[in-house]
Amino acid sequence: MKKLINNPLNVVPESLEGMARAHPGLIKVHFDPNFVYRADAPREGKVAVISGGGSGHEPMHGGFVGYGMLDAACPGAVFTSPTPDQMYEAAKVVHGGAGILMIVKNYAGDVMNFDMAADLLRGEGFQVESVLIADDVAVESSLYSQGRRGTGTTVLAEKILGAAAEQGYDLQRLAELGRRVAENGRCMGMALTSCTVPHVGKPTFELGEEEMEIGIGIHGEPGRYREPLKPADEIVERLMEPILSDLPFRSGDRVICMVNSMGGTPLIELYIVYRKVAQICEERGIQIMRNLIGPYITSLEMAGTSITLLRTDDEMLTLWDHPVKTPALRWGM
Amino acid sequence: MKKLINNPLNVVPESLEGMARAHPGLIKVHFDPNFVYRADAPREGKVAVISGGGSGHEPMHGGFVGYGMLDAACPGAVFTSPTPDQMYEAAKVVHGGAGILMIVKNYAGDVMNFDMAADLLRGEGFQVESVLIADDVAVESSLYSQGRRGTGTTVLAEKILGAAAEQGYDLQRLAELGRRVAENGRCMGMALTSCTVPHVGKPTFELGEEEMEIGIGIHGEPGRYREPLKPADEIVERLMEPILSDLPFRSGDRVICMVNSMGGTPLIELYIVYRKVAQICEERGIQIMRNLIGPYITSLEMAGTSITLLRTDDEMLTLWDHPVKTPALRWGM
Amino acid sequence: MPLTQEAVRAWLQRCAAVLEENRDYLTQLDAAIGDADHGVNMDRGFKAAMARLTTLNAPDIGSIFKTVGMALVATVGGAGGPLYGTFFLQLGVKTAGKQELTPQDWAEALEAAVNGVIARGQARLGDKTMVDALLPALEAYKAALQDGASFVEALARSAAAAEEGMKATIPMVAKKGRASYLGERSAGHQDPGATSSYLILQAAAETWADVS
Amino acid sequence: MPLTQEAVRAWLQRCAAVLEENRDYLTQLDAAIGDADHGVNMDRGFKAAMARLTTLNAPDIGSIFKTVGMALVATVGGAGGPLYGTFFLQLGVKTAGKQELTPQDWAEALEAAVNGVIARGQARLGDKTMVDALLPALEAYKAALQDGASFVEALARSAAAAEEGMKATIPMVAKKGRASYLGERSAGHQDPGATSSYLILQAAAETWADVS
């Protein structure tokens, strides 16, 4: 295992300490329980938007805390959902009197831990709503299963809902918007290499020199199938087809597109991926209105990419363009 | 070789095409000769700031083209300096009547190719100045050698000089400021893994599972020495010592600090690195006024980091804070 | 002879030891169809629970279980945290105020605990989760008592049923939890949560083998 | 018999072929102390030059060399581009207007070319660069002519001196170019640029072996 770390068991707290030192004007970090929160919290009269999940997906979620995005983020151990006390304490610190919106990725652990936190908070009289992101088309959706994983759409939802909260949306309207975002986002990812969880010390899965894994999640979970390495354009086709046919996206749709690095894939390759995504959208009459290209929701140092398309409307686009000032996403201010 | 590419020989043009499709409001891409330039070029009355170098260091330089930073960037083949015709044509397109400032990294190839372009341009009556970045303390400096490589300070110089040009600095003042930035920046890098040049298809160097390379450049060049892998905090000490003692940086100095990923090192690790950098600076009374943490000057997918410190003053800090709007760096607008 | 506070603590201690021993094993099982953290999470959680127990002056058995449940909720994370947290919190509810547990007390406590896990996670038998070990273990325990088996014998049958249930998860296609994202590819692997459940119930059978 | 346009084109063609053949070899040499691109760059450059030559209706030998020089400048990049570009541009300057080259013409042209490289790159003998092959080759060629050697013999001695110069770079510590950043660690490796220079001069000796 080759990583720039000290003790594998201290990766999360030391990284959080680095974040706190790096962005004192934007965020603060609370330890034990761990959460990252806006330096200017609480914002009176604003719905507090909080999220969280296992660590190892940086910049998500802590890098998205700040004006126009999250009020707090709760990082669990690497690839492990956070515990209810984190969300409970974070919510109490950032709550501005207008309720709490939780953005939760659809993993059994995340759902249960956020549910327990919501129960605790509701028990103390807080208003809590949650938005569940389950956008990963690599997972067959079925009423009788866990449903889909939450992946790329989470980043877009955090931006859009954070902007809406900043603009004064009340909790109900925010939750409805959130569900609309969740319903209109689709994502699929692939890996060229596995990642290595620090305290495990060896790769989660083994891939041959000429193999790739299609349909992976963001936790080093094996994907849907494994096949011989292909040129980028064919890989993009393999990811785009299930995304496009699932919603389905149609000619005339206006989308926000994210081409995401799983952590180890550099920008020069992401642009090659984006080139093909844009060509496919163009051919189908789908308009990419905005894009994000870079490492936003990663799996440690895994090489690979995920593509997210979110079907938008004027409201979502306006919220997308709203200023944001966080460690990892910043524009308009 | 596991990369998201098509034909290894088309990596650069396809990636540029992706960039052009991704950021039509910010940049345009000219092919044959290849250069990226501001969508709103030429800016009348403004010194045109141009840079360039081999590809494989993305987002540098093309990702830094836009308001408040570069007017044009000339990407060569992967790790190969661009050719004079690229800088010559780019300069002619973005020239706004106030002269051309070239930001050149100190590699024999870059220097010669930029020199040839400058000669051509001067021959046609253009005013041309250049700023040479040679900040890599891993290289012993000597009058009888090539001197030091240009690395991390390049990013900081492009930001600061781009802002100064935007604020109306004339060519002479800009060149003087550029030299001041160059003199006050120091950088050192290390690798956990090699990178693989696409058309070569295998790693440039081999590193054992328990080895690291200290003092590498940004082209997969072997470093100054190889040694057993160490904890992050010790690695940071090994990089910081030569940086701090070289200028030297002293108590009371105010610096901009960049903790850079070589491409394959994720953010969670960079914050662990930054944590130690900040601790060391604190101990020595050096104030980190601003920071950049992320992949800014990479070596393809290499895992590793480089640390850059730039000693600043009020003028540089004001210019640093000036709005910038490029694909890879954006704030204030 | 019913279970004392001491016997309960001995079981929990043994759970902690067994989960530490099997940390890498559980993590490897989780790597195959999940995210390679189940062993590390359970080990971290039980260590935290044991630390809290050391300083706990427990008025009753219920508060011991409640302390363990709270510790697991706050330190395990993932799916395992809320599920095992609920398991022990429910054991705590049913044993509140008690200084001793009879075989019947244990039947009721275990029933509440297993039902708590099912309520929290919504998994059914055959979904390839810890429920596939827990539910058969509960049924076997209850059936054994009904058959007139001794406490020790009932615990042993319960652990054996958990083991069988754990092994039965191997061919299953997961319907809940992280492994469900794999679809058909989840078949052929033993569920990590069912495995940790077996280890915990097996620890009970072993620790309490000399109770009766 | 002096060199004709055809002989010059034949040399360049052979250079292109030899550089293609040695592409990976040169790249490997560059990987050891540089950035693993010298072979690829030279191959790309000479292919581009050959493409331009195909359609060139050259009025003189000078314009052939000039075309090659321009092509190299615009397509090789790195250090090799300006240096070899200058080399061929200078050959072009000295052979402008000529339809044939005598042994003496070649001496003057080569001298201008080598001096051009030195002026552009500021390398001295012993800096572990292409100059360590080029300069001895130039000297050997001039000395051979002075000794009354034939053109073919002079070319052969020039190529042999380039080879020796190339090998002499192995123990050197680089003072110029990318290898210089390695300091002492650059010793023990043969310089890629000196190697390509030797290949180019060796190609001349071979192509023109039947000239006289």
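General remarks:
Should a chain be cited, it is by its letter among A, B, C and D, assigned in written order, with residues numbered from 1 in that chain.
Note that a residue touches a chain if its C-beta (ideal position, glycine included) is under 8 Å from a C-beta of that chain, and two chains touch if they have at least 3 such contacts.
The structure displayed is predicted, hence computed values, not measured ones.
Common neighbours of chain A and chain C: there are none.
Chain centres computed from CA atoms place C at the largest separation from chain B.
Distance from the chain B centre to the chain D centre is 32 Å, each centre being the mean of its Cα atoms. Centre-to-centre spacing of chain C and chain D amounts to 77 Å, using the average Cα coordinate of each chain. Separating the CA-averaged centres of chain B and chain C is a span of 55 Å. The part of chain B that touches chain A in the complex is made up of residues 2-7, 11, 14-19, 21-22, 55-56, 58-59, 63, 192-193, 209, 212, 229, 231-233, 235, 263-275, 278, 291, 293, 295, 298, 300-301, 303-305, 328, 330-333.
Of all the residues in chain A, the ones that touch chain C in their complex are 33, 54, 76-85, 107-109, 112-113, 115-116, 136, 138-140, 144-146, 148-149, 197, 199-200, 204-205, 217, 219-222, 224-225.
Across the complex, chain D meets chain B through its residues 27, 31-37, 40-41, 44, 73-83, 120-121, 175-178, 180-183, 185.
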